[in-house]
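Following: one structure in structure tokens, then a few remarks.
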Amino acid sequence: MTLAFDLLLALSLLWSGWRTLATPRLDRAIVLFITFGLLMTLAWARLSAPDIGLAEAAIGAGLTGALLLDAYGVLRRPREGP
Amino acid sequence: MTTGLVFAMAGAALFALGVAGIVLIGHLLRRILAFNLMGSGACLVLVGLAQRHDVADPVPHAMVLTGIVVAVAATALALALVRKLHALSGQIELPDDADE
Amino acid sequence: MNEPLIDPLVWLILLPLAWATLAFVLGPGRGGWLAIAGLVAQCWLAFNLAQQVGAGGTAVHAVGGWGAPLGIDLAVDGLSAAMLLLTQTVALPLAIYARSYFKASDPAGAGFWPLTGFLIAGMNALFVSADLFNLYVTLELVGLAAVGLVAAGGGAQQVAAALRYLFATLVGSGAYLLGVALIYGAYGTVSIATLVPLVMNDAPRLVWIASALMVSGLLLKTALFPFHFWLPPAHGGAPAPVSALLSALVVKASFYLILRLWLGPLQPVLPAFGWLLALLGAAAIFWGSWQAIRAVKLKRLIAYSTVAQLGYLFLIFPLLAAPAALQAGVMQAFAHGLAKAGMFAAAGVLIKATGQDTVAGLAGAVERLPVTMFAFALSGITLMGLPPSSGFLAKWQIIQAALAQGHWIIAVVVLAGGLLAAVYVFRVLRQGFLLTPENVTFAPVSRTLEWSAFALAAASVLLGLRGVELMQLLGTRT
Amino acid sequence: MMVVALVVTLALAFVFFLSGAMLELGPAAIDLRVPVSAHLAQSGVSHPVTAVLLNYRGYDTLLEIAVLLLALVAILAVVGEAPAAPSRAAHPVLQTLGRLATPLMVVVAVYLLWAGAFRSGGAFQAGAVLAAAAVLLHLVGLLAGWSTPRLRLRIGLAAGFALFLAVAAALLKQGSLLQYPPDAAGALILLIECGLTVSLALILAGLFLFLAREEGA
């Protein structure tokens, strides 16, 4: 039973990682990446590593996600080249 | 098959996915995402493989905490560079290396 | 253990960290004198440590008092003492050079002192660390500091070069980290001293994969052909003091680590790849020299020369069974480190004076900037490997080691590489000897810049006369 | 297309071989859990991960904070001088939410810092939560992006690392770097963690807020 859950979680990790790179829209990619971070948190919980889970949720998914979204907001505005 | 091994293998696949992404994708923001997938993969291998008999080991846990902080530092620096490049040239992909 | 409070091994890490932090607190562009004072002390420490190691063999420092494998050990043998010596002695003249190179409000110099401090601390920490995971952290410290130095205050091309460099260095350290993860999984430790007997005893397939990952990652960071793609734009595009630091020292750090793994924990595995590395090294010599011969820009030319000179470092790997090969490799690291720092420093002077970064723009340079062109020529002598320079000593030793083991092909590569180096060095010198065109003016340049470039270049030649001491130091190994 | 196929094939082969090698691995020769728990009493904390992070392998952590500080220095050098972005006023509901959430997050951070000594938590998680609070305040328009840091902010950013470095150096008189005397280890680790929490919060928030100012520049 737990093995099935682990396999499912591992597959969702891979799927969300794959979609992060492959999905055509950039904003979706970033949301998928944050989802990936939250799934990683679950994986750390399964690996009995709550310390990493906390750090992953706060830094990996939270701060990195915020940084990416902010950068996306700036980059999406086209700028005239030199 | 233990929990540790499942996630170690998933980590190996994520690492390969990330490296392939960095090699194949031109868009810089995606490359940064790919780099993060690669880093997460290596961290999963570090913890998962050490716990392949499903007993928690605090040493790799501490190492991964270090790895996460290093990854966010690198990500922030990369984003600053991408934004600077965008502000200077309007590009979000690396231009060909102009030799002359 | 020696007197703890002045243990040079530890202070070589703490001191640059301290002045880097102070320089950051002082504010953008400040802290130059602090850095120079720190580097003077570090030079003294490095000499002191080299003497200690030369006299009494190796030194080990158990951080936290725990000792490996629970804690992290720092260890110094002849090889690390030599690399520490190289780093401090090249960094000090470059710091004096940089203080006069960056004007007070120059945005390119805004983060120079703290970033340089972290860079040097990272390298020193790397040379003494005896723990594979700790080495990963030092690699990141060095890599990110180097990228920041390349990007600071630059235009779009420089930022693009920094990004290319950043991705290369991150993939490199990522591969290294995965390798470390596999090693930890296999043996339950990352301490080098603990690993050596374990790997010797049993190296499962996983350890081979780990070794391949770690070495490929480090090759990417060392810019060995064909992983050199990121180096010419980064080293050619950065401000001259940064190019000098990067070309002379930073690429040597990952080379050192490959050597350390080769001679240490991965000894049962890595020698299988010796000829592959030598082949890539030979390709680097030919490709890098060819690109340097063709280059239009002066700093590009020097950067491609670095690609070529790094190739020599990898020719030693199939020969490492004989101790002479290690000595040859370290001598080449010294020769290239000093000469390339001198050459990039001289190029910075020439660019400041002529206002452009092209070989064609150098006409008249010998007449107007004789000291700088002499420095360039001296560096060139070392790169070509003419006697009595340290470059000659290094190449001669490689040839000797190769012939002693019957591998004449390596000797041929070394000789051919020397001829190719002569072509690109003389290309620059010949242009410098031309008369100054009528409409060209040379801007005045500070004497400090000229003479610090000269000091580095002269040191690269003179080291050839004092090579024996360095060789003796390398005799002491763990 | 050829390149894509090649890279994908290589990646799949790599995963296949690596997984195979993982499966055939025997037990590890060394089990660090034994010494980790054997020395826990002398480490000054009762949570093994914190003991590894700040005592047994505290030197890693010292260098890791250097990496973080260095990344911030590099970012400041890259973006150069620019005025701070004004905070954009968000919807009042969001602002109220921000006002309510911030004190809560501060409490959580203090709890995490305190908990680190004996269970999951510690300076990193606490600093990250504080930084998240600052980012949240910025997003709802209650905190402006940061411009070039003045002396006071620079001191704050560097203080945690400087304190850690100073303690590490001072402990040299115990015999080696970062060698805590067992009876003072707990207090010293707490001191370092408090310094780190403040500086980590500032640095992590800075990674966001120094970049945020570029908007519209």
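Chains: A, B, C and D, in written order; residue numbering restarts at 1 for each.
Here is the rule we use: contacts are C-beta pairs under 8 Å (C-beta built on N, C-alpha and C of every residue); 3 or more make two chains touch, one makes a residue touch a chain.
Quick caveat: nothing in here was measured; it's all calculated off a predicted structure.
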{"item": "Chain pair with the greatest number of C-beta contact pairs", "value": "C-D"}
{"item": "Chain centre separation (chain A, chain D; CA means) in Å", "value": "19"}
{"item": "Centre-of-Cα separation between chain D and chain C, whole angstrom", "value": "30"}
{"item": "Approximate Å spacing (C-alpha centroids) for the pair chain B, chain D", "value": "17"}
{"item": "Length of the line joining the C-alpha centres of chain A and chain B, rounded to whole Å", "value": "11"}
{"item": "Set of chain D residues in contact with two or more other chains", "value": "18, 22, 25, 28, 32, 36, 49, 56-57, 60, 64, 67, 70-71, 74-75, 78, 124, 204, 207-208, 211, 214"}
{"item": "Residues within chain B bordering two or more other chains", "value": "8-9, 12-13, 17-19, 43, 49-50, 52, 59, 61, 63, 65-66, 69-70, 72-74, 76-77, 79, 81-84, 87-89, 91"}
{"item": "Residues within chain C bordering two or more other chains", "value": "133, 137, 140, 144, 147-148, 151, 156, 159, 162, 182, 185, 188"}
{"item": "Which chain pairs touch, all of them", "value": "A-B, A-D, B-C, B-D, C-D"}
{"item": "Residues of chain D that touch chain C when the two form their complex", "value": "17-18, 20-22, 24-26, 28-32, 35-36, 39, 55-60, 63-64, 66-67, 69-71, 73-78, 80-81, 148, 151, 154-155, 157-158, 161-162, 165, 168-169, 172-180"}
{"item": "Chain D partner contacts - residues on chain C that touch it in the complex", "value": "1, 4-5, 7, 10, 14, 17-18, 20-21, 24-25, 27-28, 61-66, 69-72, 74, 107, 110-112, 114-115, 118, 121-122, 125, 133-134, 137-138, 140-141, 144-145, 147-149, 151-153, 159, 162, 182, 185-189, 194, 198, 204-206, 209"}
{"item": "Chain B-touching residues of chain A, taken from the complex the two chains share", "value": "2-3, 6-7, 10-11, 13-14, 17-18, 20-21, 26, 29-30, 33, 36, 40, 43-44, 46-49, 51-52, 55-56, 59-60, 63-64, 67-68, 71-72, 74-75, 78-82"}
{"item": "Residue ranges of chain D in contact with chain B within the complex", "value": "3-4, 7-8, 11-12, 14-15, 18-19, 22-23, 25, 27-28, 32-33, 36, 48-49, 51-53, 56-57, 60-61, 64, 67-68, 70-72, 74-75, 78-79, 124, 204, 207-208, 211, 214, 217"}
{"item": "List of chain B residues in touch with chain A within their complex", "value": "1, 3-4, 6-7, 9-10, 13-14, 17-18, 21, 25, 27, 29-30, 32-34, 36-37, 40, 43-44, 47-48, 51, 56, 61, 64-65, 68-69, 71-72, 75-76, 79, 82-83, 86-92"}
